[in-house]
Structure formats: structure tokens, C-alpha cells
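Same chain, two partners: chain A is paired with chain B first, then with chain C.
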Partner chain A sequence: MNLAAILVFAAAACLYGALLPARFRGWALFAGSVIAVYVLQPALPIRYSAYALPTAMLLLIVASWWLTRDSNAHAGATTSQPLNDDVVGAQHAAPLQSPNDERYSPSPRLREGSGVRGIPRDDLVTLMALVALMVGVSFLRFIDVDFRLVASTPPEPLAVVLALLVIGAAGVGLRLALRRVSQRRALTGMILLIAAAFVVFKAEPLATALSRALRFQTGQDTTLASIADLGWVGFSYVAFRLIHTLRDRQTGILPALSLREYVTYVIFFPSFTAGPIDRAERFVEDYRALPGLRGLDAERFAGGAARILIGLFKKFVIADTLALGLALNVINAGQVESPLGMWLLLYGYALRLYFDFGGYTDIAIGIGILYGVTLPENFSRPYLRTTITSFWQSWHITLSSWARFYVFSPLSRALLTRKPKPSALVIVLLAQVTTMVVIGLWHGVALNFLLWGLWHGVGLFVHKQWSDRTRKWYRGLNDQPARKRLWVGFSWFVTFHYVVLGWVWFALPDVSQSLRVFGVLFGGG
Partner chain B sequence: MDEKEVREKLRSYITRELIRDESYRLTDDEGIVTGGLMDSFSLAEFAVYVESEFGVYIPDSDLTVARMNTLDQMVARVMQDMK
Partner chain C sequence: MTGRAIFRIVVKAAALFAALNLLFVLLNPLEALGRLSLYNAVLPGRWRLPYGENSAESYNLSLHNIPAMFASHVVAQPKPDDEYRLLLIGDSGTWGWLMENDQTLAAQINAAGDTVDGRRLVAYNLAYPIMALSKDLLLLDEAMSYQPDLILWLVTLESFPRQQQVFPPLVQNNAERMRRLAERYDLNLDPNDPRFVTPSLLERTIVGQRRALADWLRLQVYGFSWAFTGIDQAIPDDYTLRASDFEEDLSWDSFDEPAPFTADDLAFDVLAAGMARAGGVPVIVVNEPIFISRGRNSDLRYNAFYPRWAYDAYRELLDAQARANGWHYLDLWDAIPPDEFTDTPVHLTPEGVLMLSEHLVSAIEQN
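Let's look at the complex of A and B:
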């Protein structure tokens, strides 16, 4: 999201609040988010890929929505049910949530009955609107390049219509072919498909091979193929939101969502490129309350604008200044010889990363506030934390929460109930390391991110062993304030430097260069 | 099983198995997770215990500091689904 896009989103929020009839606010966020998926996509060298990738993303979202639909909810049931043949659900015949729990109540619209073949009319209208927007974006090819909104020329509208018809027919055919497959399996299949797509687009050798194949298809130079050809903006966040909904549908805790709610949740434009990763049940609470929102609420606009300004300052003043040679990068990592210089670069990198990402989060949250959606916080003074565990409760909070919900907890619980049960030490090590490796690889399927994940997994494991054995002693420090202050200061120092040293793996793609940096930092040359 | 019995069972389990200090006097409303007495893994252990002892499944998304920080919250969550 660049400065121009931020300004456009903020200006559009004024029109949204002042002029748009309240009942159309949900539609506006839906349409705006769909268009933003295309507008925020950068220019890509492979012909039409800057149009095809966002379109594929939207089709994937529609398919995921279709699989997560709860037909009972459409018939008027009050809560989604766990799937009977689900590993978890099979053990718990009772609904996982109280029917009175408002977080899980379906949209009022879903009680209105069916449109065509069990699909509510509103969802059909949304689907048609989505297709119209997809086709509509392709008409931008006829607009002068300076006013086109999208970075690359879209394909011919007729070709888009034909392609969508073929894909629609294939989707119907697939549905018929798989009609005997249980919903649980279909959901698992979709999770695996998304994970596979994620790996292909994030792993350099696979992405390069795909790029080569696509270049061959379009008659472009295959020797120029690279992972940069497939910069699928927003897919990392979209993938994790989709997996959240698919998995929550399996366990029966996903609220019933209309197609419009689902699509808007997954690609909500303020959080599309850099998070946070909201949860569907939280997002729809705000989304369904939009008609009741005061159009021009001075307090809301002041709050949102202040948050955007803070974010702009963090990102474009602090972070971008630090990026001008004051933070570790692949160039200066190979040039600096002195330990002090390297430590300063590393501290600079730690601050740059925080202000860059934290700034984007502030901007996203601020824009969300302007439109009446309160996105979750992603940072809470992470560099002031005194343990690695609390660091991960305050750094990229929504990603670490996602990993805790969908990797750490299920894996820990599965191992704890396994017979024979592994030792607690093994369970903790496996759960911590696996979770952090997933978080690491989410940033890119590469060795340096794997090592960064391992670094933090081991750090969390060691901290747990330490805290389990010293808890009583630590509580005893409450009676000795001076010693406790000293210990807290020491804990902060160790935690901060463990995190900062971990950024070496994160910042440098070449592991041998990282090892050289560690050598310089500790005076080994 | 009534709420009082559930509360005492949970208190006993948490101090014995998770805090590992049976002499610890755990109060109903103290922050167990925010106070550093339990962590994410302890919450997973807690969920497994609740499932085996009370037959109540707590979804992973409920195993958070916001929803499981105090004994009061834990008891309320178990009682919510106890038949």
C-alpha cells in the first residue's frame, strides 16, 4: 500500500461517511475490496498475470465460501454444527458453542430462505456483482495508461467472460464429480490445495519453474523466469484467513457467513497487503453493524485519522530513514568489519522492521476505523518484553495467535492424548518448534526463514523449561523489589538481544552471509 | 457436578499439575496466564484435562489469555457446556 493508495482510501472514507446511504455500506466495502485486490497488485512481467492472479484469488475465495457454507444455517438453524465425521467433532456431538453466544449467530439475512437451488438470493446477487467487477476491471485496458488504475494491461473482456464461463462450468462439473465426497474431506482438500499453492508461490525453485512454464505459454523469454514474476500480493494473508475459516467450519465454530461477508472479510482492503489477520466472527460483528454507524462521526474520523498519521510517521519517516543505510541489509552486511558497526546496523534493522510493519498496521487500523471496522492490534511494545514468550504475545499478534490456534494447540493436544504419550519435554519441543517453523516459512519458503523459525522455537522451548523450574523462585522475588528490578532488567536484555540476533537470519537470504555477520558481531571476523 | 465441585477440581489440577506447587493459594480472579503461572502449553494441557474429566471440548480459539486467564473464566467456560 503506497502513499497514494492510503490517501485515496482515506478520502473515499469521507464520501462513504457523508454521502452513501447506510444500507449500502456493506456493499461499498465489498466492491471496494474487490477492486483494491486488482489495484494493489504491482506490475508483473508475465502477460496478464497481474490480472489472472487476483482473479484466481477471488475464485479461490468463492470456492472456500462454498465449502464452508452450512446448509442448516440457511434453513434457519441458529448455529453452525461440527461435521460428524470430523476428528474433533466426532468426539463432541454437542454444539461447541452455546446457541445464545452472539459471536456464532448467523446473519439475519441467512434466515430469509433460499433463492435458486438452496442458494440465498443475496448470495447469487453478490456472485453476479463479483463477476461483473472482475469483467469490469478488464475494461480498464481501454483507458489511457496514466489513468488505468491497474499496473498492467488486463486481458480482453471477451476473453475474461469466456474464461469465467469455462471455470464456472468446470466448478459445476467438479462439484458433481465430488458429490459423494464428505464435506470434511472437501474442506481438508481445500486446505491442502491452499497450502500447496502457498508453497509453490513462496519457494524459489518451484515459483521459478512455474514462471518458466507461464512464460513459455505466453511466448515470453523463459530464461528471465524468476520468483519475482509471481508477486501475488496479499496471498499470504488471504491463505491464512481462508485456512482459518475452512478449519473452523470443520470444528463447527465458524459463524454462518453470506458470500458478501465472507469475501469482504478475506480481502478487506485496509488489511489486504499487510494484515492484521482478523478473525471472521469478530469481523462480521462490525460488518453487520455498518448500517447503524453514524455517517460523519467526528470522534471516529479523528481517531482513524490520528492512527493513520502515527502510522505514516512510523513508516515513511522513521522506518524509511533507517532503511537509508542505517539498517542491516545484504549490501552493508558484506561491507562492515567492526563489531560496533555491525551491532548498530542490527539495532537499526530491528527498529526499521518494527516501525515499518507497525506503521503499516497503524495505517490499516486507522483506515478500518474510518470505515467502521475495528481491526485487531498487531503489536504491543514487543521490544520491551522480558521473555521470549511475551515477545511472541506482542509481536505480529494476529499471526502468532493464528499459529497458536491452528498449529500449536491442536498439535499439543494431539500429542498429549496420543497413546503411548510422548514425554512432556518432547511434546513441548515438537509443538514449539513446529509452530515457529510454520511462522517462519509463512514469510517465505526458504532456508533463512526456516532457521529463523527454529531459532525462536528453540528459544521458546528453553524459556519454558527455565520458567517451569524457576517459577517459585521468581515469585519469591516479589518480596525483594530491588533484586526483582535487577532480574527484570537482565531478562529484558537477554530477550531483546535474542530477538535482535534472530533478525540476522530473517534479514539475509544467504545463510553463509548470516554466519559471517554473527562472526563480526562477536568479534570473530 | 455443580459449579463448586468443578471449581475445586480445576483449582487442584492447576496448582498440582500446571503451576506444580500445591502450596500455592490460587484465587478465583487472579490472572493465571498474565501472572506467568501458566503458558500456552499449559492451556492445551488444561483443555485435555477438561475434556477427559468433564467431557467438555474447548475449541483452540477459546484457549486465549482473554478467555482463559482466571479460574472464574475457566469455570464459566466449563459450566457453559456441561450437561
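Let's look at the complex of A and C:
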């Protein structure tokens, strides 16, 4: 999101609050989010890919919704049942939210509608609106380039219509072909498909190969193929939201969602490019309350605007200033020779990353507030934490929560129920390292992110062992405030520097360059 | 919070914003702000004036705030009693294009470790990579605040065309300074030349001057990378060597063919203004070395910049002007062998710069 987009979103919120009839608010967020998917997608070198990728994302979302929808929901059922043998997962999730909780029942529109072949009318209308928006965006090719909204020329509308018809027919065909496949397997298949797409788009060799193939198809120079050709904006976040809904449908804790709710949740425009990764059941609470929202609520607008301003300051003043050579990067990492200079650059990078990401989060939350959706917090003073565990409870909170739900907990359960059962030490090590590696690879399927994940996985494991063994001693410090203060200060120092040193892996794609930086930092040259 | 309260906040904020902008217009604080600098206090001063086209790699930028440029330079440090301060004014060749800081002319002169009148000879690189005497005059004007004992002004014919004098962005964006100098020294320069940037009222507000403010801030921030790396120029691994073979082309500047030109065709008045501005501080005008080709059509041209007829006429004129005005003049046009030129006919290799520095140190000693 650039400044212009932020300004447009904020200005549109005033019109949304002041002029839009309350019953259309949900529709406005849906349509605005769909359009934003196209508008926020930067231009890409491969012809029509800046249109094709957002369209593919929307189709993927529709397919995921189709798989996650509860066919009983519209007939009056208020609960979403776990599928087949996945009772364990549902029981585990029960304390988080009860499937019988009225809050998670289908929306009234979902319950009331009678549509075609079991599909509620509301969903059919949404699907038609979505297709109309997809085709509508392609008409922007006839608008002068200065007013086009999208970054590059979309394809011919007729070609889009034909392509959508073919894809629709293929979807129906696939459904018929797979009608004997259980929903649970279909959901697993979709999760694997999304994960595979994620790997292809995030791993340089695979993305370059795909780019080469696409360039060949479009008659463009294949020697210029690179991962930069496939900058699919927002896909990392969309993929994790989709996996959350697919997996929660398997375990039966996903509330029944209309297509409109589902699409808006996955691509809600304030959080589309940089999170946070909301949870569907939390999002729909706000979404369904939109008609009851006060249009021009001064309190809400003041809160949202203040949050946006704080975010703008963090991102565009602090972070962008630090980025002007005050933060470690691939260029200065190879130039700085003095340990002091390198440490300052590393601290600069740590602060830049926090203010950049934290700033975007503030902006997203602020815009969400203006529209009546309270997105979850993503940061809570992470650099003031005194343990690596509490750091990860306060840094990119929604991502680490996601990883806890969908990697750490299932993996720990699987290891616990495995026969022969591994030792507790091995279970903790495997679960923590795997979780952090997944978080690392989410940023990019590359060796440096893998190492960064390992760094934190090992850090969490060591801290867990340490805290298990020193709990009694630590409690004893409560009677010695001075010693406790000293220990807290020391803990903060160690935690902060462990995190900061970890950023070396994160910041530099070349591992040998990272090793050189470590050498300079510790005076080894 | 009520809507009324928000309205009051918005109105007050807008009023405060307007008042601050108006105050900024009235005070025009950019030059004063430019004198505030982290350089020479928190950060080491730069060895040459800020100039850069690729900030991400060079940790440098081109800005138009002359006080800020000087405040970032090591010349802004207090002058020690035992220092004989030599200022170098010139173009990209003197600034050190394609050269590390320790290879520039100023660095090579300093490396010689010479003394003058029992004081250490310390050269400061105040050149700027654009060819125009007007730009040199602007910088010389500011440089006079920094207690020079001697000024070396390196010039070449490309700095002399009249039209060239309002070409540099540094001159265009320092219109008032240039106009003042033009008026004071009666320069043949149109004060209403449309190329001069004259900001409107709106352009003089904080909003209008946001680029200038950002440039000042960026200059300070890049100072940290400069301090950590010593880099202020992105020097490419390779470059295209200056041409040695030429077409049968006798044109130069606005002249399509050889034609007699007089001192009035060249900006000698700007050079004279610089001499006058220096006052009692001695100035040595140096006709800087050029590449002399032995390739195709080298009987017509010395190099890609100069046909022989124009350059020969210029040397005669400069020599005559120097004699007539009593200037210290050193013509080093052919002092450096052709192999010591890099990408243009005036850019030298470090070895070439070393040779030039030896000539200049010797001239300073004789002076």
C-alpha cells in the first residue's frame, strides 16, 4: 500500500460512513476488496499476468469456499461438524470457540435463502457479482492509461469471459469427477495445492522455471525469466487464511460462511498486502455487525485516523529514513569493515523492520476501524521482551498464532500419539524447530529464511529447557527485587541481541555474506 | 469524542498547518537549516562536495542547498593555525569522477606532505561535477567563508560557453545567489533567464519545499553510511574509454565550422568575477589537461570535446586575458600523456592525477 492507496481508502471510508445505506456495507467491503486485489497488484513483465494472478487468486478463494461450505448450514443447521475421523481436532479446538455458540451460526441471509441446487441465493448473487467485477476490471483496458486504476493493461473482456466460462466448466467437470472423493480428502487436496502454489511462487528456481514457461507461452524473452516476474501481491497472507479455513473446516470449527463473507475475509483490503492474518470466526462477527454500525461515529473515525497517522509516521518517516543507509542491506553488508558500524547497521535494520511492518499494521488496523472491522493486533512491544518465547508472542502475533494452531499443535499431537512415543525433549525440539522453519519459509522458500527459522526454533527450544530447569530459582528472585531487576535487564539484553543477530539471516539472501557480517560484528573480519 | 470535537481538532490542525507554512515562507529557513549538520560533529566530514545519482550505492546525493553542501564537507572544520589552506575549484575531473577519495587531486596534493610558509599544505576538494564557470563562482563565493590561503581554479573550454552558465541545476536552483553575484560583478548574465528557478508562494511553503527538506535530511542520514564505509561514489567496475577516432567534424558548441571568436563569446567575465571575489586571496587559474588523440581525424580534433581550431583559439584568449588582468595562470593542457585519461577527455587515471598534482605542487612552491 502506498500513500495514495492509503489516502483513497481513508477518504472512501468517509463516504462509506456518511452516504452508504447500512445494508450495503458488507457488499461495499466485498466489492472494494475484490477491486483492491487488482489495484494493489503491481505491474509484472509477463503479459496479462498482473490481471491473471489476482483473478486466479479469486478463483482459488471461490474453490476453497466451495470446499469449506457446510451444505447443511443453509437448511437451518447452526453448527459445522468435524469431518469423519477428525474428532480429536475438534475437541482440541473446543476451548477456543464452541461450535454451538450462537456467534458462529450462519448469517441470517445464509439461513433464509433458497437458491439453485442447494446453493443459497445470496451466494449465487455474490458469485455473479464477483464474475461481473472480474470482467468489469478487464474493461479498464479501454480507459486512458492515466486513469486506469490497474498497473497494466488487462486482457480483452471477451477473452476474460471465455476463460471464465472454460474455468467454470472445468470446475463443474472436476466436481463431477471427484464426487466420490470425501470432503475431507478434497480439503486436504486443496491445502496441498495451496502449499504447492506457495512453494512454486516463493522458491526462486521453481518461480523462474514457471516464469520461463509463461514467457514462452506469451512469446516473450525467456532469458529474462526471474522470480520477480511472479510478484503475486498478497498471496502469502491469502494462502495462510485459506489454509486456516480449510483446516478448520476439517476439524469442524469453521463457522458457516456465505461466499461474500468468505471472500471479504480472505482479501479484506486493509490487511490484504501486509496482514494481520485475522481468523474467520472473529472477522465475521464484525462483518455481520456492519449494518448496525453508526455511519459517522466520531469516536470510531478519531480512533481509526489516529492509528493511521501513527502508522504513517512509523512507516514513512522512521522506517523509510532508516532505510536510507542506516539499516543493514545487501550492499552495505559487503562494505562495512568496522564492528561498531556493522552493529549500528544491524540495530538500524531491527528498528526499520519493526517500524516498517508495525507501521503497515497500524495503517491496516486504522483503516479497518474506519470501516467497522477491528483487525487483530500484530505487535506488542516485541523488542522489550525478556525471553525469546515472549518475543514470539509479541512479534507478528497473528502469524505465530497461525503457526501454533496449524503446525505446532497438530505436530505435537501427532508426535505424542506416535508409537513408540519419542522423548518429550525430542517432541519439543521437533515441534518448535518445525514451526519456526515454517514461519521462516513463509517469508520465502530460501536457505537464509530456513536458517532464520532454525535460529529461532533452536532459541525457543533452549529457552524452554532453561525455563523448565530454572523456574524455582526464578521464583526465588521475587524476594530479591534488586537481583531480579538485574536479571530482567540481562534477560532483555540477551533476548534482544539473539533476535537482532537472527535478522542477519533474514536480511541477507546470501549465507556467505551473513557469515561475513557475523565475522565483522564479532571482530573476526 | 463528539463530531464537534473532531471538527474543532481538524480546524485547529489546519490553521496550525497553514500558519507554519506561512512562517516558513516568511523566514525561508532552508539555508540556515543547511548550516546545521551532523557532519564534522557526530560524523566525519565528507572529502568532496555531495553529488550522486545513485544514492542507494553511493550514500550520496545531489542537492541545491549550498550551505548544507559545505557544512557536510571537511572544510567546515575549524582551521588549525599550522594549516595553509588550499581550495580546489573545478569540474568532475577535479572532484574525482571514477576515483576513490584518496586518489583525487586534493588527496594527492595532501599526500605530497608539502609545506608553505612553514605551514602544512592542506588541499580541500571543492570541485563539483558540472562544467560551468558560473557554478564555480557560486561555490567560490561560499568557499571564501572558509579562510582559504590559496585557490586553484581548474578550468577547461567546456566551462566557458555563455549558454552553459545557466545550465547547471545548482545554478538554476540558486537563482538569488547567482543574480546577486551577477549584479555585483556586472556579469553578462540575464537575471530573467527562464531557466532560473523562481518558486511561487506555494512552492516556498513547507509542502512546496518538501524535496529540499528531504534532501537535507537524506544528506545527514547518508552520513552514517559514509562514516561506516568511506564510500561517496558508486564506481563501476568497467567504463567506456574516451573516443580516439572521430568523424570529420569541426563543430563546437554553437559553431558549426571554424569561426573567429573573441573574449566576448566566452564567459571570461565570470572568471574575472571569481578573481574579484577572492580579493586578497591568491588564485591560480589552471587550464586543465585534456586528452590529445592520435587517432583518426586527430588532425581536426584533439578529442571528442574539442576541435583543434576552437581549443587553440581558447588557449590564446585565456592566455591573453590572464596577461591583461595579471592573473596567475598555468596552462597544463598537454601535461598528461593520453593513456592516463579514462572515460572523457578531462577525466584522469589516479596516475594521471598524481602527475598533475606534482605540477601543481611545484607551481604552488614557486608561487
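A few points about this structure:
FYI, the second predicted complex is superposed on the first by the 506 of 525 C-alpha atoms of A that agree within 3 Å, B and C clash if a C-alpha of one lies under 4 Å from a C-alpha of the other, contacts with A are read in each partner's own complex, and residues count from 1 in each chain.
Definition applied: contacts are C-beta pairs under 8 Å (C-beta built on N, C-alpha and C of every residue); 3 or more make two chains touch, one makes a residue touch a chain.
Computed from a prediction, not measured in an experiment: that's the story for all the values here.
Aligning the shared chain A places chain B and chain C next to each other free of steric conflict.
In the superposition on chain A, A:R23 makes contact with neither chain B nor chain C.
Legend: residue contacts after superposition of the two complexes on their common chain; A:T389 is shown touching chain B, with no touch to chain C. Of the two partner chains placed by superposition, only chain B is touched by A:K464; chain C is not.
Of the two partner chains placed around the shared chain by superposition, chain B is the only one that A:F408 touches, whereas chain C remains out of contact. After superposition on chain A, the vertex angle at the CA centre of chain A, spanning the CA centres of chain B and chain C, is 130 degrees to the nearest 10. Look at A:L324: by the touch rule set out above, it reaches chain C but stays clear of chain B.
Ranked by how many residues of chain A each touches, chain B and chain C are led by B.
Looking at the shared chain after the overlay, A:K419 reaches neither chain B nor chain C. The gap separating chain B from chain C at its narrowest, counted between C-alpha atoms of the superposed chains, is 30 angstrom.
Residues 19-21, 36-37, 39-41, 43-45, 47-48, 51, 57, 59-61, 63-65, 80-81, 83 of chain B touch chain A in their complex. Of all residues in chain C, only 1-3, 5-6, 9, 55-57, 59, 217-218, 221-222, 224-225, 227-229, 231 touch chain A in the complex they form. Listed in rising order, the residues of chain A touching chain C in the complex are 296, 298-299, 301-302, 321, 324-326, 331-332, 335-338, 341-342, 344-345.
Residue ranges of chain A in contact with chain B, taken from their complex: 88, 91-92, 94, 96, 98, 248, 251, 253, 279, 389, 393, 401, 404-406, 408-410, 412-413, 416-417, 427-428, 431-432, 464, 467-468, 471-472, 474.
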